[in-house]
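Below you'll find the structure, written out as structure tokens, and then a few comments.
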Amino acid sequence: MQGFRRIGVLASLHHPQVLDTLKALLAFLEREGKEVLVEESLAGDLGAANVAYADRDHLGRAVELVIVVGGDGSMLAAARDLVHYGVPLLGVNRGRLGFLTDIHPAEIETRLKEVLEGRYLVSERFLLALQLLRAGRPLGGSLALNDVVLHPGKSVRMLEFELFIDEQFVYSQRSDGLIVSTPTGSTAYALSAGGPILHPSLSAMVLVPMNPHTLTSRPIAIPGDSSVEIRLGERRDLHPQVTCDGQVDFCVEPGDLIRIEREATTLKLIHPRDHNFYAICRTKLGWASRLDSESHIER
Amino acid sequence: MQGFRRIGVLASLHHPQVLDTLKALLAFLEREGKEVLVEESLAGDLGAANVAYADRDHLGRAVELVIVVGGDGSMLAAARDLVHYGVPLLGVNRGRLGFLTDIHPAEIETRLKEVLEGRYLVSERFLLALQLLRAGRPLGGSLALNDVVLHPGKSVRMLEFELFIDEQFVYSQRSDGLIVSTPTGSTAYALSAGGPILHPSLSAMVLVPMNPHTLTSRPIAIPGDSSVEIRLGERRDLHPQVTCDGQVDFCVEPGDLIRIEREATTLKLIHPRDHNFYAICRTKLGWASRLDSESHIER
Amino acid sequence: MQGFRRIGVLASLHHPQVLDTLKALLAFLEREGKEVLVEESLAGDLGAANVAYADRDHLGRAVELVIVVGGDGSMLAAARDLVHYGVPLLGVNRGRLGFLTDIHPAEIETRLKEVLEGRYLVSERFLLALQLLRAGRPLGGSLALNDVVLHPGKSVRMLEFELFIDEQFVYSQRSDGLIVSTPTGSTAYALSAGGPILHPSLSAMVLVPMNPHTLTSRPIAIPGDSSVEIRLGERRDLHPQVTCDGQVDFCVEPGDLIRIEREATTLKLIHPRDHNFYAICRTKLGWASRLDSESHIER
Amino acid sequence: MQGFRRIGVLASLHHPQVLDTLKALLAFLEREGKEVLVEESLAGDLGAANVAYADRDHLGRAVELVIVVGGDGSMLAAARDLVHYGVPLLGVNRGRLGFLTDIHPAEIETRLKEVLEGRYLVSERFLLALQLLRAGRPLGGSLALNDVVLHPGKSVRMLEFELFIDEQFVYSQRSDGLIVSTPTGSTAYALSAGGPILHPSLSAMVLVPMNPHTLTSRPIAIPGDSSVEIRLGERRDLHPQVTCDGQVDFCVEPGDLIRIEREATTLKLIHPRDHNFYAICRTKLGWASRLDSESHIER
């Protein structure tokens, strides 16, 4: 594969360590002779370094690779903002393995160098496109890389809604809400709510009901090109919300229609060549490694 | 679509009602002027009616459609036996809706007639091919439409095994076993064990651990063309079994390799035109129908 | 056992049928020659019938039995309001079996008559007493017959809290919250969230985490006389709430302490003599009745 | 509390380290001037040390404390064998924390010394008494400290049975079986099967269905003094087993009755004074320790 010459850099500076990692990254990219564009919101923290700044739009158009310094949350926002530019993303976390960020700050010199020289894996991920409709008219929407979640917002009472898939009625449900997750999101909130893990290469969404009144309501995995529609019930005392990736909120009302479909443009995630989805699962979820006759846990 | 002229008929006569349904079906097919081949094992029960008999092999070669009278269990066996003949299957249950059999005896005159005249839906289902290997040499195998299940057999103790997907190590596990299920099987045993429902059109398998020692072991859905390998641990006091569709058993031993892949030839299930997967889920799983302000259950 | 002579009557008139049932009940009680006190809020709907009205306080002091017409929700509110008066409660639902209300309007003449004559069962239920503390000072509190639920309120992000039982640290958790449920509440919201059923006679509470980040966080049942304390983490962007029985809400803040203990006074629920907890479970949860060789569902 | 002078010692020598730990323990007890009785089956491995040997019966009668060297499995067997002698048990594991064994070999000099001098906690645990009946006549039985499990044995098909609690019919069920667990067993097999954790001091059993056909079949916790009866269905092709603590097996037949009640005599487990149930849960189940703003896992 081809290497990368023009690099964009994003970061969210919630944690002090991120700034250190960011500076180390920029120093490395300068030594490597890369053309670098840094998101302009970082100018205040980085100071008058000899660095070029740009907004996300310019950055998305100009670079061949965007490196995101931060946690999985920063990657989610970057993915939604940049997917339409076609530029691939790479995550450098601030010291912890994530499902989306897999270069440790200490590995910048080695593993990142390899990536920039063209030795890497590409993982295509699809996003969900949320569209809200009130009385048939568009009310707003967003993209989501992980999940679109219908939840009670400030309501205390259970929600009521009807679910349709590809215009077929599926069920009406009373519950705390519904998670519509991509394979990427299946290891995040959907997993806490009892959903299955979907391998990232699967073209599927999974629908996970939250605390359903009917105990037989179970997670359903459906084809990735399905059209999901949720029609909210008419109870007036509810104030539900729809949230994308846990980051973008919309208030909805009784009778509103929530439409979720696969976004046509996919996202390219760049991974080092030894990236392995199952190895990340083992680490993050505490799955056991190889059998060893002495290591049996006697519970 | 084209209608069907040469019809094969299978049945399992465990329940007295099946024989009545079978006779009604044959009378109907005769009235419709179809060429009918009945499985020869039914000759004893049907008597010297003016019916032609054949074994499954001849029947599979000769007919354009096979009608299976019985429950989902009969369909599973028919699917494994006949998939390679390319002949589509249609299930007539003996009085109860099933996930695989969806013509009620009372509907033979109406819905079956429509099917035979060419008005029907086709649902393509894939099967799993199980292959067992001991010290690298083939030990046996079978097909499965629903699932391949590794379980303790007469052992009482937990099994130990390592799981590989597409030659990548996934985890080692101590548990009562593992269910590898097709979408078709996801509403059967895998569901009881906590697995998700997979829409029948999804090209995916789901792996559901049974009572795993590690509480973070969760169901995983993987692409349908994955190669799954389970290597049994070396503990000598275990006598595990591998079972296909709950019907075909194999004894395995420590160190054996269990390989599961998608069978290349797919099965065609024939459904009446109003067949709807979600409607069957609602009926079988007790999901709620349309919202109605008076029907709220106050728990 | 002794019969009841002075009867209090409560009702919530959300559904038109409740008024009909209420009128039928009052007519029956008059025919039986009972002294009846009706909650004064019902005066507007009942009109100038020859009925005596009183507020809940007077009613609680004056009567020997309180009949609640409505669903389980009405019973929950009545239980919290009246437990300290020591007066037993009986529920007449408006047409559907509930876990707390078990006389059908059509049975007033028969089963209610039996109860009033002294033939009944008593089920003692304990309530939870919630106390909120900020910087060590009382902030408010409530009773709960079903459950006390910590949930994100209008927050979208996961909560963080530490759990202590009998002053022993149990765990810190990131989740959507925690349900602390009585046996009475174990068949309500806690069940939807994955909790076990606790038999009503058990002196135990169950703590059910909601969508916990750590997959090994599981429901725990602890002795009914335990002291449960939840210390909210210090994250400033959260606005969690604590809700009793899904009906009484409190806003809490980072650093607040949520203390939950068993209320000393127990509630007496009156049931007809054929009341059976497991029979209600079978009906409400769809558990199978007696084995019958023809009734096997073939899935 | 009083110290212990006459000490019994049991061990299961499946692992080489156990012998080392056993020798260290005996040397320590000799230095402390204790009277020691070692189970006679260990004589072959220990050799002609100046140690007195006895069978379990003599040992149970003669000593004030029994120390079990091994894992939780060894403790389970010792508990069943010795509960009726009234002698308390203490577990020394061979290098790993267990729910039942909580003195590490390295701590013998310190924590065990404290226990022997009278500084310890006592945890009372109840056992289950299993009784099997065929056509009303006793067929056999056993005690269980963890659980009594009905499972398919060498059958492949689901079992069918009816459940009664205190002579009240609860449900009929088709499943892979049922786990009846004490609080002690609730962190063992029952937990893998989806059961709740029961605090050890709770007087309760929990019934956990295994892979039930009916998805609404959920774990139920019932009072510890309940009488549980399972009546096996009449299907002739099943060969179920009943197993106590995963160690003692019984074959049962269609129509047999499985009766499970609390054993009257309780077991005393001895723990070091800093023993803490929740701390063991945190370690064994990976629950998070105190909140720390830097330790948030961003999933």
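By written order: A, B, C and D. Residues from 1 in each chain.
Methods note: a contact is a pair of C-beta atoms (placed from the backbone, for glycine too) under 8 Å apart; a residue touches a chain by one contact, two chains touch by 3 or more.
Here the structure is a predicted model, which means the values were calculated and not measured.
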Chain whose mean Cα position lies farthest from chain D: A
Self-contact between copies chain A and chain C, residue sets same or different by half: same
Repeat of interface A-B, chosen from C-D, B-D or A-C - more than half of residue-number contact pairs shared: C-D
Distance between chain centroids, defined by C-alpha means - chain A, chain C (Å): 40
Centroid spacing, where centroids are CA-atom means, of chain A and chain D in whole angstrom: 45
Contacts with 2+ other chains: residues of chain D: 191, 213, 215-216, 218, 285-286, 297, 299
Chain contact topology (line, ring, star, complete or other): complete
Contact set on chain C toward chain A in their complex: 151, 153-154, 156-157, 175-176, 189, 191-194, 210-213, 215-216, 241, 243, 246, 249, 285-286
Chain B-facing residues of chain A, complex: 160-162, 165, 168-174, 191, 195-199, 201-204, 206, 213-214, 216-223, 226, 233-234, 276, 278, 281-282, 285-291, 293, 296-297, 299
Contact set on chain C toward chain B in their complex: 15, 71-73, 96, 98-99, 187-188, 215-216, 218, 284, 286, 294, 297-299
